[in-house]
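Got a structure for you, written out below as structure tokens; questions coming shortly.
Think of it as A, B, C and D in the order they're written, each chain with its own count starting at 1.
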Amino acid sequence: MAIPRVTIWNEFRHERSNPAVASIYPDGIHAVLADALREHGLDARTATLDDAEQGLPLAVLASTDVLIWWGHIAHAEVEDALVERVCDRVRDGMGLVVLHSGHHSKVFRTLMGTTCDLQWRVAEDRERLWVVAPGHPIAHGLGPSIDLEIEEMYGEHFDVPAPEELVFVSWFSGGEVIRSGCCYTRGRGRIFYFRPGHEIHPTYYNAQIRRVIANATTWAATTAGS
Amino acid sequence: MAIPRVTIWNEFRHERSNPAVASIYPDGIHAVLADALREHGLDARTATLDDAEQGLPLAVLASTDVLIWWGHIAHAEVEDALVERVCDRVRDGMGLVVLHSGHHSKVFRTLMGTTCDLQWRVAEDRERLWVVAPGHPIAHGLGPSIDLEIEEMYGEHFDVPAPEELVFVSWFSGGEVIRSGCCYTRGRGRIFYFRPGHEIHPTYYNAQIRRVIANATTWAATTAGS
Amino acid sequence: MAIPRVTIWNEFRHERSNPAVASIYPDGIHAVLADALREHGLDARTATLDDAEQGLPLAVLASTDVLIWWGHIAHAEVEDALVERVCDRVRDGMGLVVLHSGHHSKVFRTLMGTTCDLQWRVAEDRERLWVVAPGHPIAHGLGPSIDLEIEEMYGEHFDVPAPEELVFVSWFSGGEVIRSGCCYTRGRGRIFYFRPGHEIHPTYYNAQIRRVIANATTWAATTAGS
Amino acid sequence: MAIPRVTIWNEFRHERSNPAVASIYPDGIHAVLADALREHGLDARTATLDDAEQGLPLAVLASTDVLIWWGHIAHAEVEDALVERVCDRVRDGMGLVVLHSGHHSKVFRTLMGTTCDLQWRVAEDRERLWVVAPGHPIAHGLGPSIDLEIEEMYGEHFDVPAPEELVFVSWFSGGEVIRSGCCYTRGRGRIFYFRPGHEIHPTYYNAQIRRVIANATTWAATTAGS
């Protein structure tokens, strides 16, 4: 298979308004994610909410094999027409990797058919992601678990349809768990939800997290050209 | 468990405009479905699109444990606000049984997140529904298959998420198959899609089809009171 | 549905050789499980490894709708012919609830097709079982989680096939998680694996754990008479 | 990923005793399957039941990424120790593609935990395999269905665990259906059951069937090196 054409979409608001976030992601979360993919041999371009046509004109979507999505405070600003275009592209075979607070994005909720609500707490939690499907391509090259020294807590009940494949379950030091790596298919398109990545922590610099996102991108690209 | 409170919603248009349909279902498909449920000890009230508030005012939805849905030519007339209320009730635990052409209803498509498209042909096909999950409560009391002498053909690819449980697969004499009994969960609510029931055939008088709809109603009611 | 005929099978060795276990379960784990079921309106008889025909003569199996299984140090003593008879009954529609260390029983491993290995540690761990399928009949009547003050730790990777329905995920204070309430179907029979119940802790006196076992028994009985 | 090391195991008895089979597969079914894989850029060696150590000495298994299995009349002759070694290798990550009458092989039944029984009829049936998961890698490059002019009929109920992913459903002219392309995971290993291939029909010369087997081999190899 040819190298998939990846577009990383980032809301890119926290980085410009919150110095704490800017100090971690001075060029935006999207830039660090693009580095992570290139490190694993993947080609990636980036797009942000405040770009023309909210970063995703038709020509960009049409030439995207896998879309990576990070959003949080501006979910409501994403236009419904764009949401429908993105969902249609997924159903038509484009892969989608939804990160962290993207669980509440219109795109993800539309594709899931549920509220996608969960419990959460910004605190000093440690997170440990356990691999529950060690043979899955998205877990390729990992050990039994990934440790993150500090992360925002997301906990069950996570109101999503039962994942078609469950790859990770997270443990939090405060007493919670969550299904944190979830695979879905909608139409011809593959979707992976991956929990980590709160904007005030340097999670996307973690080598194992980067590997997971690269693995998931390759996995989600499988059907794009079929 | 108490007897579930069932509401049968029917578009009720074909029966009033097409004499061929009226001759089979003179009081509407909903009336025959209500008889079928009562025959199996279930309580049922009915509602139709042209009733006040499209048949489903808040008080009705709030007192419904399982909603049965038959619609076809007027899917677009169902108001978006009602669609959202119905979907919210499902996520909150109301069971939903979607029949035949209801695959294209706004309610079902919203809960699935896919187009729910399929192949179809109105012809002289025979349909045979094979039980592929013989221990499933929805197959309780059935033999290995159900024969329908004449039915509309619905065929794969049926663009729904992979069913959480697949209970029936249909064979058609013209050469097609379809996953024709599909279970889903959205939030706390259980959903069953059941294919048969074209309005110009007397399918809902078939004893085994009636049993399946009763079984599915009981199955879908399970979570309503939890 | 009639009240299911339940047989509780217990290895019943720890209770007779280890005073610490005997002090918690003086009449055996099976006696406490039988009390738990009766408390929830279920009928239960008991059987143990050292009974005639290892407690499960043909006539007993033939008149059992749901079998509950607790074993640990004597898995190897269970005769292969009995294992095959039990598995055949499950495939024929008998429900099976496998508790705790029963994950390594011959019966469970045969039905799963995998090693059923997991990580474990006897220590001072707290366990919290999170409900990840709140609408599931096995979670009926529970809150969002169940707390156990002290339990043996079982952790991922738990080498079982992906559960058809995942009802609980456990968190342990030492840093692990495990899929701790797992539903399967084999033939017509329903199987539920439920993790808690180390013999040196009073877990089976916990009201919520008792409720889960009763719920699971009712759930597993569904297909027995179909 | 490197090209997977594939071993095709064939019982190779029909071809030597039945002239009708020999006329279709003069060098054995395995030889034709090996051609099919090479045609799709895959490396393949072959092994048969009457070879030393039943064709699968430890060194061969240890250097196999994907094992393809065709057996029928001699299932009982495969030694239990070999069955256990093959199953262990699957759990450890070796892919397994089970063809046609291999549904009753000891290896497949052991990994499934069920009887794997089905209905069958040797007659003049036509078979049409419908793709029900068009985005799945195993369906890559196919149209909506595959037609086989004449094949043995296998029908539901097929007593296997619900497939983790269902790729094909077959229609037979005689009135039956079967889930004919079924994906499973056991441990780290991926398993694909593919129905067609009765020995008295030239099924393995069909270009689309060959493509499916090649696709399945690549899919099953995914975890071998992880």
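Note that in this section a residue touches a chain if its C-beta (ideal position, glycine included) is under 8 Å from a C-beta of that chain, and two chains touch if they have at least 3 such contacts.
The structure displayed is predicted, hence computed values, not measured ones.
Peer 1: What rotation angle takes the CA atoms of chain A onto those of chain D? Round to the nearest 5 degrees.
Peer 2: 180
Peer 1: Taking each chain's centre as its mean C-alpha position, how far apart are chain A and chain C in Å?
Peer 2: Computed value for the inter-centroid distance: 37 Å.
Peer 1: Among the residues of chain A, which are close enough to touch at least two other chains?
Peer 2: Counting only residues that touch two or more other chains, chain A contributes 133-134, 162, 164-165, 185, 187.
Peer 1: Name the graph shape formed by the protein chains and their touching pairs; answer line, ring, star, complete or other.
Peer 2: Chain contacts: complete, every pair touches.
Peer 1: Looking at the complex, which residues from chain B come into contact with chain C?
Peer 2: 93, 133-137, 139-141, 164-165, 185, 187-190, 222-223, 226
Peer 1: Quick check on the complex: what are the chain B residues that touch chain D?
Peer 2: 128, 130-134, 144, 155-158, 162, 165-166, 169-172, 175-177, 179
Peer 1: Note which residues of chain C are touching chain D in the complex, please.
Peer 2: Interface residues on the chain C side: 87, 91, 110-115, 159, 161-162, 164, 184-187.
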